[in-house]
Amino acid sequence: MKRVKVAVIGAGFSADIHMESYARFVPAADVVAVYDGHDPKGAGNFAKKHHIPAVYDDLDKLYTNEEIDMVDICVPNYLHHGLCVDAARRDKHILVEKPLCLTLEEADEMIAECKKRSLKFMYAEELCFAPKYERARALMESGAVGKLFMLKQSEKHSGPHSPWFYKKETAGGGVMMDMGCHAMAWFRWMNRGAAVKSVYSHMSTVLHDTDCDDNTVTVVEFDNGVTAVAEDSWARHGGMDDRIEVYGTQGVSYADLFQGNSALTYSNKGYDYAAEKAGATLGWTFTMYEEAFNQGYPQELAHFTDCVLNDKEPLVTAADGRAALEMIYAAYESARTGRSVTLPFSPKVKYPIELWLGK
Amino acid sequence: MKRVKVAVIGAGFSADIHMESYARFVPAADVVAVYDGHDPKGAGNFAKKHHIPAVYDDLDKLYTNEEIDMVDICVPNYLHHGLCVDAARRDKHILVEKPLCLTLEEADEMIAECKKRSLKFMYAEELCFAPKYERARALMESGAVGKLFMLKQSEKHSGPHSPWFYKKETAGGGVMMDMGCHAMAWFRWMNRGAAVKSVYSHMSTVLHDTDCDDNTVTVVEFDNGVTAVAEDSWARHGGMDDRIEVYGTQGVSYADLFQGNSALTYSNKGYDYAAEKAGATLGWTFTMYEEAFNQGYPQELAHFTDCVLNDKEPLVTAADGRAALEMIYAAYESARTGRSVTLPFSPKVKYPIELWLGK
Amino acid sequence: MKRVKVAVIGAGFSADIHMESYARFVPAADVVAVYDGHDPKGAGNFAKKHHIPAVYDDLDKLYTNEEIDMVDICVPNYLHHGLCVDAARRDKHILVEKPLCLTLEEADEMIAECKKRSLKFMYAEELCFAPKYERARALMESGAVGKLFMLKQSEKHSGPHSPWFYKKETAGGGVMMDMGCHAMAWFRWMNRGAAVKSVYSHMSTVLHDTDCDDNTVTVVEFDNGVTAVAEDSWARHGGMDDRIEVYGTQGVSYADLFQGNSALTYSNKGYDYAAEKAGATLGWTFTMYEEAFNQGYPQELAHFTDCVLNDKEPLVTAADGRAALEMIYAAYESARTGRSVTLPFSPKVKYPIELWLGK
Amino acid sequence: MKRVKVAVIGAGFSADIHMESYARFVPAADVVAVYDGHDPKGAGNFAKKHHIPAVYDDLDKLYTNEEIDMVDICVPNYLHHGLCVDAARRDKHILVEKPLCLTLEEADEMIAECKKRSLKFMYAEELCFAPKYERARALMESGAVGKLFMLKQSEKHSGPHSPWFYKKETAGGGVMMDMGCHAMAWFRWMNRGAAVKSVYSHMSTVLHDTDCDDNTVTVVEFDNGVTAVAEDSWARHGGMDDRIEVYGTQGVSYADLFQGNSALTYSNKGYDYAAEKAGATLGWTFTMYEEAFNQGYPQELAHFTDCVLNDKEPLVTAADGRAALEMIYAAYESARTGRSVTLPFSPKVKYPIELWLGK
């Protein structure tokens, strides 16, 4: 079996999910090294845990010492651009976690660097691979619900654990950057061929001590008349919640990735873990299983590995990540102005959330 | 037991639910007559079915022949104003089905006529009496979910059966008038003391042959920072759906009145009836029971009967109905302009939906 | 309105539910007195809470001072027989809470005393009135699921609070007496006209410090080939659970009275009450509403009140209670012998559970 | 990567699921041939569909032409014994679909043949690998629900499509052989270390034209006091249903593999496929996804492949299959006698169902 040599960039939460996914479900991926420029000790522990043979905190050494086919970038948002451009210049295929980067200018440069070298550049939107959502998409495409007229997607939990998510300098924005990007990408995925016409968003900061948004409702209008509604929150307790609704003129389909896939448990004693960000496990809990698989991570990674191995174009590209980012810009602008914002919309900003905060 | 003499005005779908509710749950109400100015024969059958002693198609005769304490108005929207004002001038206490009327001017006149005679004038928003939703409200008010920051309510089915719902002349608008009014009233009920700051709405006509809206998403902003999201649709198949979500800084509560209260049935043969507007009953169905009770109709009618008997102020008044109507105006305006509309907002219109349609 | 004068016998948990039901839903019942021979002070508080004008701890005084039409017996099992016979001899109509009494001989005497005086004697099996279960029965009777072949009913919680439930001298047995009686009665209710052929039961004591059964599985065979399966437990944590399944050759219907009718709440702070025996309310809980109504108590009490007022035969009689008790005998015998026990089965015992315990 | 050469024996429904599982999730398995002695044409189509290079209807040729490490036996029950013994004598590792075989004598011979050649011999009980059920097991083993006292498992659908399932000569029995075997094996898996003390079963034939059982309830008693309840039916419409309940002294866990993992869809038009044996797709349906994965097939096949490659003992062995078969014997005996049957129980029979049918 031909295999792809992978360097994982980053050793945090999402790198962990990626490693579990590679190890259990992507035999064609051979993770040969992990790089972390900020926490070499953490990276060392990560490498041990996941049996990765080499650890680097120096990019030059990484790329000099190791023969790498693709990099898998799992680091805070503000680092995406630099690491992508660097990897592209070293002729590596790139998978980058969401959101693509902080600004449209960064996105354009990243895309251009990959394009001129004909590198594969995938945007890691796992919802496009979540098997239950993909079943709902197949259903829709088979005509089961008639002509699509509305999509809904929501992702909610009580907020990330790492402090960088809550600062515009490292994250670019709040929950809209962190989780709204899933909705934006998934809406386009479900309504392929249609263009986003406008975005309206209402945002608040209701729970966390941050100037970023932690609760948002966003309405997207497509040029084929489809309406899409996103709800994203860092202020909903009780563990991760990820839901979709697909409305057509002949029917509807509902799916969710967590509670709707869980065992239902009551425990007087509590136990190790119920689901991502679920907190305490006394009393009733929704006990998840195979979280990575159900969210589409292994399928996504297997797909990109296959693209690299067999010279295929990724189903979700950096251009899709850029489009999601443009929608996020529009959402922030709308949240400030109270108006739906028409696309294209590409003002020059340092961080998308500035458009909401007003500077 | 002292009893209230009631005349039911109208003999259609909602009059039917009211009669079932009076008969089974409101012993203090004595329905002595039914009036229907448009379909006397239907009213006759209705009277027979519900054992109502007298039937009228002439208001003067109704009020001359019968000693009436209160009227219960269950007729198409465009008739509310005239029948209310008439009843008020005859010194009858009034319960009027939703929406209150077509325009704010009508509302003002109705309210004034009742006020100057010190009549009880209740706006029949049954969601304020639906026992499951009231349990969620009590929960919220006990602090169980912390400080409220977001409300959601949605009501969806595949569209009313009577043609008058689909015409602006008789209904004043589409699904926003018919079902959005529930959301608007319930948001204010749940967030009492706070004022509506703005309303944004996105509307479409996706399923029915009408120029009225049949699918809407509405975002309401309150002055205490609470966000409220309404979804109302006449384009969702599979039977009536009515749901709420109550988000606070310490928790969340979800409830729904139909699927979440149903038996789950599979039938190879089908059966009489699963739930309001549920259509066919082959295969899997959600079999409702006690629909009127679960939606709060008997509780609402018992409450108004008690108000009339014991000189109490209704918990939901015509002023609340007027406030919901103002929000509907703002929603229609917003749907045309793509902007959130700040309240107060009381343009002069013939029908609220004109604000969306542009004339 | 003609009204029935009621004396409530007992002032504990089930008397409380009955009083709430009378007050809110049975206008024709006029509860004029409460009697409690064991806890007069508790009865006093109970009377105050429920606005009952008179309290007695002496039966002679009760019946001398008050004009009583019917008694509603809500006391520990071992007191049913004596109080029923006494009331019958005073010519009162009788409603008695489940189980009917401790032994078949007691049952026979109670029935005979009422019969010779032509008194109404209802066995208070509320499941025969629970609106959701009655909907499922109507569905079955309409042919929606074809020919019935299997019934299931289970009732589970973590055990009663009063100590008398756990002693054979006061309760006659454990969870089979307390909750198994519901299943036995409901199976016959659903399969009317058919006779019970045999009963098999497996019993254990798994959680409580008692020699009574606290976890049972029972299989009932009817002479028309229908199988019925009961699960009853005092060892299932997480709040009251009451479920049915109705299987026919053309379909199936599932219903439950608690989780399936609840709001779903997550609370970091906890709150007053989620549902009967639900315990702590931190984290996820199933928040019940209208528990008495959903379990059928008001409907049951209204029915008996109507029987007394209008000389109708109760739908569920003491003969049904006796039949359930005979099935319980058979269940206990079976649990000891490991064999299904054929009916009729009426050994002479002091307490039904002796048949399991072996003395 | 070292790979195992597999011959799939049989080209029907379960072979199909195995092939999907190998192809997508078991890279170490290399299916080199399919054999079908009864339907060579069907096997040809099967091979084409699954890209299997060789097709045989002659065992000698299969084993002569191909270098085979393991055989995966997916054929009607009555063929298990012969094919296993044959494969063992040719020194092949063996995975055999459930139930193990028709009789305990067959089981003993199969086990002996493999044992003397030190062959891996796995019993394919996929429930021991279903990820949701395995999560519930881990939960239980972590102490989350306290001390186990009751297990439940049910599997129900409207009956298999192939006629051989309905004949004792080919199947050995009805739904108890076909699906009861899952429950029996899973109970032992969950309660490892404990021995089965007795089995009680009630059986009927309610829907199908067969002399085999199509609806059963079975109560198993373990020597550590655990009770286990199985329900298995070929008479429950609405698509495959597979559920577990795990009761302990400190809590409970519920899980199901189909409805509880599905998207919920309403379609006016119907669509291709909702779930195994779900039939029509008009109206409401539970739309399954990743059925093989959720039932544990890939995990089971990957495990055995790993056992063969790396000389490990399978987690579920033919001895477990034999133990399940002994429990089935006891169930059939019990269904005839109305008594719980104590193990060991190994009467000499031609088909297990004889014990119920009486010869």
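Residue numbering begins at 1 within each chain, and the chains themselves are lettered A, B, C and D in the order written.
We take it that contacts are C-beta pairs under 8 Å (C-beta built on N, C-alpha and C of every residue); 3 or more make two chains touch, one makes a residue touch a chain.
Worth saying up front: this structure is predicted, and the values here are computed from it rather than measured.
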item	value
Pair sharing more residue contacts (C-beta pairs) when A-C is set against B-C	B-C
Longest centre-to-centre distance from chain A, chain (CA-based)	C
Whole-Å separation of chain centres (CA-atom averages), chain B against chain C	38
Approximate Å spacing (C-alpha centroids) for the pair chain B, chain D	54
Geometric centre distance via CA averages, chain C-chain A, whole Å	54
Chain C: positions in contact with at least two other chains	237-238, 250-252, 266, 268, 281
Footprint of chain A on chain C - complex, ascending	237-238, 266, 268, 279-286
Contacting residues of chain D [partner chain C, same complex]	149-150, 198, 200, 202, 204, 206-207, 215, 217, 219, 221, 225, 227, 229, 231, 233, 235-238, 247, 249-252, 338-340
Chain B residues touching chain C - in the complex, by the definition given at the top	1, 25, 27, 131-132, 134-136, 139, 142-146, 250-255, 260-272, 281, 287-290, 293
